[in-house]
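Naming follows writing order (A, B, C, D, E and F), and every chain is counted from residue 1.
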Amino acid sequence: MSKGKPVLWAELSWPEMEKVLASTDTVLLPVGSTEQHGRHLPLGVDIFIPVDIARRVSAETGVPVLPSVNFVPCAWHECFPGAISITPRVLISQLVDIARSLQNYGVRNIILVNGHTGGCDSTLVAAADEVLQETACRFYIASVVDVAADEVLSICSSPVLGHADEVETAKMMAIRPDLVHIEGVKANDREPKSGYLSVNYRRKSRIFFRTSKEDWKALAPEGYIGDPSAATPEKGEAMLSRIASEISGFIKDLENGHVI
Amino acid sequence: MSKGKPVLWAELSWPEMEKVLASTDTVLLPVGSTEQHGRHLPLGVDIFIPVDIARRVSAETGVPVLPSVNFVPCAWHECFPGAISITPRVLISQLVDIARSLQNYGVRNIILVNGHTGGCDSTLVAAADEVLQETACRFYIASVVDVAADEVLSICSSPVLGHADEVETAKMMAIRPDLVHIEGVKANDREPKSGYLSVNYRRKSRIFFRTSKEDWKALAPEGYIGDPSAATPEKGEAMLSRIASEISGFIKDLENGHVI
Amino acid sequence: MSKGKPVLWAELSWPEMEKVLASTDTVLLPVGSTEQHGRHLPLGVDIFIPVDIARRVSAETGVPVLPSVNFVPCAWHECFPGAISITPRVLISQLVDIARSLQNYGVRNIILVNGHTGGCDSTLVAAADEVLQETACRFYIASVVDVAADEVLSICSSPVLGHADEVETAKMMAIRPDLVHIEGVKANDREPKSGYLSVNYRRKSRIFFRTSKEDWKALAPEGYIGDPSAATPEKGEAMLSRIASEISGFIKDLENGHVI
Amino acid sequence: MSKGKPVLWAELSWPEMEKVLASTDTVLLPVGSTEQHGRHLPLGVDIFIPVDIARRVSAETGVPVLPSVNFVPCAWHECFPGAISITPRVLISQLVDIARSLQNYGVRNIILVNGHTGGCDSTLVAAADEVLQETACRFYIASVVDVAADEVLSICSSPVLGHADEVETAKMMAIRPDLVHIEGVKANDREPKSGYLSVNYRRKSRIFFRTSKEDWKALAPEGYIGDPSAATPEKGEAMLSRIASEISGFIKDLENGHVI
Amino acid sequence: MSKGKPVLWAELSWPEMEKVLASTDTVLLPVGSTEQHGRHLPLGVDIFIPVDIARRVSAETGVPVLPSVNFVPCAWHECFPGAISITPRVLISQLVDIARSLQNYGVRNIILVNGHTGGCDSTLVAAADEVLQETACRFYIASVVDVAADEVLSICSSPVLGHADEVETAKMMAIRPDLVHIEGVKANDREPKSGYLSVNYRRKSRIFFRTSKEDWKALAPEGYIGDPSAATPEKGEAMLSRIASEISGFIKDLENGHVI
Amino acid sequence: MSKGKPVLWAELSWPEMEKVLASTDTVLLPVGSTEQHGRHLPLGVDIFIPVDIARRVSAETGVPVLPSVNFVPCAWHECFPGAISITPRVLISQLVDIARSLQNYGVRNIILVNGHTGGCDSTLVAAADEVLQETACRFYIASVVDVAADEVLSICSSPVLGHADEVETAKMMAIRPDLVHIEGVKANDREPKSGYLSVNYRRKSRIFFRTSKEDWKALAPEGYIGDPSAATPEKGEAMLSRIASEISGFIKDLENGHVI
C-alpha cells in the first residue's frame, strides 16, 4: 500500500476538494468524546486517537478526513471535571445532517472512526439506521477498541484493560508524548473478570448496562481502569499502525465491491 | 431457585401490582421487532421469544413482566412484506417515557429482554444513556442472542447462524410449534466467515455497518441465514431455559447488590 | 358475513403476509393503555378489549391484525400503581413511523381499534392529521366506547358508566373471566349527571378538561366509576359482538367505496 | 351577571396586568384556523368567532383575553387557496410553552376558546395532557361548536350543518357583516345523514377519520356544507351570546370550586 | 406609489385570495412579542406596530397581510407580569410549517415584519435558513428597528433609545393613542454608551449576550429604557410611514428582480 | 496584560482541569463552519480563525479553550464542494447540551468565538435564549467579524469586503500561510454598495434574507467576494491580535462585574 500525506478536508480549497471527490466516494469522520482519562492522560484522548488513525488511513488510501465531532454521550464521566456530554438523540440528529450534506457531493460511504468505544458506538449504530433510511449515504463504524482487537490485545502485557489503560496510554505516548504523565501511576485492577474492558456485567451473561457517575467513581477512583504503567510508545505505534491498516484494508475492499 | 407462575403486569389489578412492587424494584420489559423470519417462521418471532423468556424469568424471580414493545428499528427487513420499522429517535423517546412513569412506583431496574439482537440493541443502549440521565431508573439490556451465548452455541449443530436460523427456529418450536413450517427448508450458508450471525463486515476487523434492504435480500433470498432444518423443540427448550436462568441469576445478583 | 379465523400479523410468515396484502389494503391496529381498572379488573383491560374486538373483525373480514401498541397517554391514572404513560407527541411520532412502514406494502387504510377512549382518541386524531399529510395511509379511529354506543348503552342496566364500569367489566367477563374479581365491589356513582362516562365537565356545556391524578382519585377512590356488579359475561359478549360487527361493516363500506 | 368591558391582554400595561392577575388565575386564549370558508365568508372566520366570544366572556367575568393563536392544523382545507396548516406536534409544543410562561404569573386555568371545532380540538386535548404533566396550569377546551350546542341547534332552521354553514354565517353577520357575501349562495346538502356537522363517518358507528383535500373538495365543491342562506345577524347574536354565557358560567363554577 | 386599502388575508374569501395570489407571490407576515413595555405602553406594542406597518405596506403594494404570530422568545421580560415566551426551536418549527403551507399557493417571498427587534430577529434568521432548505419559499426579515433606521433616528430627540422608548411610544401614539399613558414618565438613561438601543455589551466590541430577567430589571426598573416623554404622534406617524415606504420599495425591487 | 500559554481543554488531565475551573467560571468555545472559501483558502477557514483567536485570548486570560464545534448551518455554500451544513434546530440542541454539562463544573460564562459571522451568529443567539432559560450558564457570542470591527476595517485597503476576502485571507496568512494560494486571484467587487460584507439587501433598509446556493454562485462565481490580493500576513496578525485583545478585555470586565 503506497504511503502519501493525509488528505485533510479543512485544509483543502474547494477545487482541491472537487478533485478528491472525483476519485473516491468514501470519507473518514473522526468522532470522539471530551472526557476525563485519569491523572496521566488528557481529556482529549478519545479525539486525539481517532484523528491520528484517520490521518494514517487517509495517507494510505487518499480518502479525505473530515473535521472531528468532539462532543458525544459520556455523562457517566461527569463525576470528574471536564466531561462534556451530548444526549444520543441530539448526536443522531447531527450525524444525519452531516450525511445529508455529504450526499450532495457524491459521497456514499462515511467511515466513522470512533475513539469512544463502549461509549457512543451504540448511538452511532442508531444513527447508521437513520442515515441509511434518510440519505444516499451509509455509515461504517470503526471503533478503535474493536478494530484489530486481537492484534492490539496481543501487544498488551497488562491483565486488565479498561479506561485510560495500557492501550490508550500507549497510543497517546505515540501521538502526543508531552501530554502523558505516567510517573507514579499504579495499576487499578478493579475489573478482574475480563481480559479486556467491558461495560457489560460479565462476559458470560452479556447483560449490558451503563455505569452511572457513582459506579464509575467506585470502579475507577482516579478515573482509570487497567495498568497505564505497562504502556510504551512503541506499543502505541504498533497498535495505531495495525488499526489504521485494518481500516485501510476495509476501504480497499469497499472500493472493490468486496464488502457484503 | 423456586418455580412459580409468571407475574404479568397486564393481568394484575392495581392492589396486586402494589403488593408486587412492595417486594421488588425490578421489572422486565420485552422488546421485539415485527419483521419477516423466512418462509418457515412468523413475523412475530422477535416478540414471541423475549415474551416467553421474560415469563420464565418472572416465574423464577417473581419480577413482573410489562406488556411488550412490539415495534422497533428494522428497516432493512422491509424488502419482505410485513416489517414495521420505528426510527431510533422515536424508540428512544418512547422508552424514556416508559421509565419516567415506572419511576413513580419505586421501580429502579428495568430489564429490557430484547428479541431483536443485532437490530435494536444499539438503540436500547442509547436509550439507556438517556434514561440514566433523566430518570431514577436504569436499563439493563438482555439481548436474547447475547445472554448465555456460549451455551446456546454449544447446543447448535449448524455451521452458520444468522437470522431465522437453527436458534430461532428451535426456540419457536418450543414456544409455538404450530407456527413453524420447516418442511423443505434448506440451509443458506451465505455468511460463511463466522460461526454466529454477525451484522459486522468480518469478525476480525469489527467494522460495523447496517445492511440495506438490497444487501439483505442478496444475503438471504428467502429471508433467512443459517440452517433451520437443524432445529428441534428440545434444543429450543434448552436454549430458552438457559437464557432465562442466566437473566434470573443476574436479577438475584442485582437484588443482592452484586452487580458493579 | 362469513366467519373465519382471525388473521394475526405476528403469526404469518412473509409469504402468507404477501398473500393477505394482495387481497386487502386495510389493516387493524389495536391501541390501548396499560393503566389501573379498579380492584376488580386488571391493568391490561384497555388492551385485552381492542385486541379481542380486532380479532373478531379480522375473523369476519379477513383483514389482518397488527401487534398492539400497549403504551399511550394516561398520566391521570398514575395515582394508582401500574399506569405507564407516554406523552402525546411521542405517540404521534410512533404512529407516523408505523404508517410509513405500512405504506411500503400497499396498505392504505389503518383501523386503530382504540381501547382507551376518552384517553388517547384525541392523540390518535392528531396522529391521523400527520399520517394523512406525510404518508399514503389514512387512520380510521374506532374507539371502543364510541362504536355502536347506542346499542352498548341499551344493554346496560346501571345508571352511571365511567371507568372499569359495567361495560368494561362485562367485556372482560367474556374475554378473560379469570381476571375479573367482582365479589364485594359496589357501585360508585360519583359522576351522577350523565348516563355515560364523560371526561367533560358537564354534557350541556361540553367544555373539556383532563382530570388530574388528584381529581381522579377524588372521583374514583378505588379506581372505578359506575357499577361493575351489574356486569355479566352475556352482556359482554353481546357488546363485543356488536362493536366488532359495526367495524366489520365499516370495512365492507370502505372496500366498496361507500365511505365519504 | 354584571357587564363590563373586555380585558385585553395586549392592551394592558404590566401594572394593569398585575392588578388583573391579582384578582383571577384564569385566562382566555382564543385559538383558530386560517382557512377557507366558502365564497361567502372570509378565511379568518375561525379566529373572528372565538375572539368575539372570548371578549364577551371577558366582559362578563373580568378574565383577560390573550392574543390569539392564528395557525393550527387544517391541511384538508388546502384544496382551496389560503389555508395555513401547522402540524399537531408543533402546535402542542407552542401551547406547552405558552402555559409554561403563564404559570410564572400565577395563572392556573387557561380556557382555550377554539373556533376550529372538529379541526384542532383533538390536538388541543393532546396539548392539555402535556400541559397537565409539565406545568402548573390546566387547559379547559371550549370549542365553539360544542359549547351550548343544543341551544345553538335550536336556533337553526337548516337541515344540514357543516362548514361555513348557517351557524358560522350567522355569527359572522353579527360580528363583521361587511365580510359576509351571501347573495346567490345555495344550500349544499352533501352530508345528509346528520343534523349537525360531523367529520365522522356516520353518527351511529362513530368511526373517525380525517377527510383529505380530495374528500373535502368532493363534499364541498364551493368550500361549504349546509345552508348559509338561512343565516341572519339576529340568530348569530343569539348564538354568540349563549355560548359566551355558558363559558362565563363555567368560569364562575371554576372560581367557586364547583368543577370536578 | 398609488395608495389603496390593505389586503387582509383573514378578511378575504378564497376566491378573492385566489385572485390576489394570481397577481403576486409575495406576502407579509407580522411577527411580534407579547411582553411588557413599561407603565405607559401596553403588552401588545410589538404586535400593534408590525401589524400597522404591514397594513401600510399592503395598501401601497397590494401584497396581502397574514394573521400575526403573537408569541415569540422574550423570556427576559418575564420579570414583569404578562410576557409570554416561546422557545426558539418551537418558533422555528411553526414558521417552517407556515411556509410549507404557503408554498402550495405559489407564494415564494414571505416578508416577516418583526416588531420584536433585538428579541426574535435571530430566531427568524435561523428559521429563514430552514425555510430556504425545506420549502420553495424564502423569508425576508424586516425588523422594525432596523428598517430605515437612520431616518427614524433623525426624527428622535432623546439621547438614549432602548425599550418602550421615544420610538415605540411615538409609534403607539400614532396607532392607538388611547393605550399610551405618558403622564409622569421620566427618562431612564441607564444605557448611556450608545445612541440607540443595543442588547450588545458595547458597540465597539460587539459581543452579544442576552440579558437575563434580573439584568433587565436592573437596567429598566419600570420596564423601559429611553425617554418616552420625547414622543409625539407626529413623530410616530413619520416613522411608521418611512418604514412602510422602505419595505414597499423593497417589494417593488423584489418584483422587478432587483434584489441580489 | 500578562502573556502565558493557551489553556487547552483537550490537553488537560482532570486534576489540571479542576485547578483551572477553581480559578475561573468562564470558558471559550470556538464555533465555525466547514465551507468553501474560494480557490485561495481552505474549507476550514471559519474554524482555524476562531481557534487561533481563542488560543490568544486564553494565553492572555487563563480561560480554557474547549474543543471546537466544526459543523453549523451553511447550506448556501453547498454550491461548491465540501460545505457541511447542520440545521439550526440541531445546532441549538447541541449547544444546550454542552452548556448543561458545563454547568456541572461551576462554569457560568461561555464565550462562543464564532468564525462564521453572518452565517450562524443568529442561530447562536437563539441558542443563547434557550441556554439562559434551561441552564445556569450564559452564552456570550463573539463573532470574529463583529468584534473590534472598526479597527479591523481601518487595517483594510480593499473597497469591498465579503467572503474569503482581504480580512479572512490576511488572517489565514498569519495562521497557516501554507494553506493560502493567492497567486492570480483578482478582486471580485460584485457587492459594490457597502464597505463591508453584508448579507443584508442593502445597508439602509436592513431587510435581511439568506442567499440561496444560486444567489451565492451568482455573487461569487469563484466562491469569494472582495479582494484577497490586498491581504498581507502583517495585516492578519494585527487583526487577530486586536480581536483577541478585545475579547480578553471583555472577559476581564466580566470577571470584575463590569458587564451589564
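Just so we're on the same page, contacts are C-beta pairs under 8 Å (C-beta built on N, C-alpha and C of every residue); 3 or more make two chains touch, one makes a residue touch a chain.
Quick caveat, the model's predicted, so the values are computed rather than measured.
Participant: What chains do chain B and chain D have as common neighbours?
Facilitator: Where chain B and chain D share a partner, that partner set is C.
Participant: For copies chain A and chain F, work out whether under half or over half of the interface numbers are shared, and give different or same accordingly.
Facilitator: Interface between chain A and chain F is built from largely the same residues.
Participant: From the centre of chain E, which chain's CA centre is farthest?
Facilitator: In terms of C-alpha centroids, the chain at the greatest distance from chain E is B.
Participant: Relative to chain F, which chain has the most distant C-alpha mean position?
Facilitator: Most remote chain from chain F, centroid-wise, comes out as C.
Participant: Need the CA-centroid distance for the pair chain B / chain C, whole Å please.
Facilitator: Here the centre of chain C sits 28 Å away from the centre of chain B.
Participant: If you average the Cα atoms of chain A and of chain E to get two centres, how far apart are those centres in Å?
Facilitator: Computed from C-alpha means, the inter-chain centre distance equals 48 Å.
Participant: I'd like the Å distance between the centres of chain A and chain D, where a centre is the mean of that chain's Cα atoms.
Facilitator: 56
Participant: Out of chain B, which residues touch more than one other chain, so two or more?
Facilitator: Residues 75, 85, 87, 93.
Participant: Classify the inter-chain contact topology: is it line, ring, star, complete, or other?
Facilitator: Shape = ring; chains linked end to end, path closes on itself.
Participant: Can you list the ring's chains in order, from chain C toward chain D?
Facilitator: Moving around the ring in the direction of chain D from chain C, the order is C, D, E, F, A, B.
Participant: Using the touch definition up top, name the residues of chain D that touch chain C in the complex.
Facilitator: 73, 75-76, 85, 87-89, 92-93, 111, 121-130, 132-133, 138-143, 146-150, 201, 204-212, 215, 218-219, 246-247, 249-250, 253, 259-260
Participant: If you look only at chain A, which of its residues touch chain F in the complex?
Facilitator: Going by the criterion above, the answer is residues 8-15, 17-18, 21, 34, 36-44, 47-48, 66-71, 75, 78, 80-87, 90, 93-94, 97-98, 101-102, 104-105, 176, 179, 181, 223.
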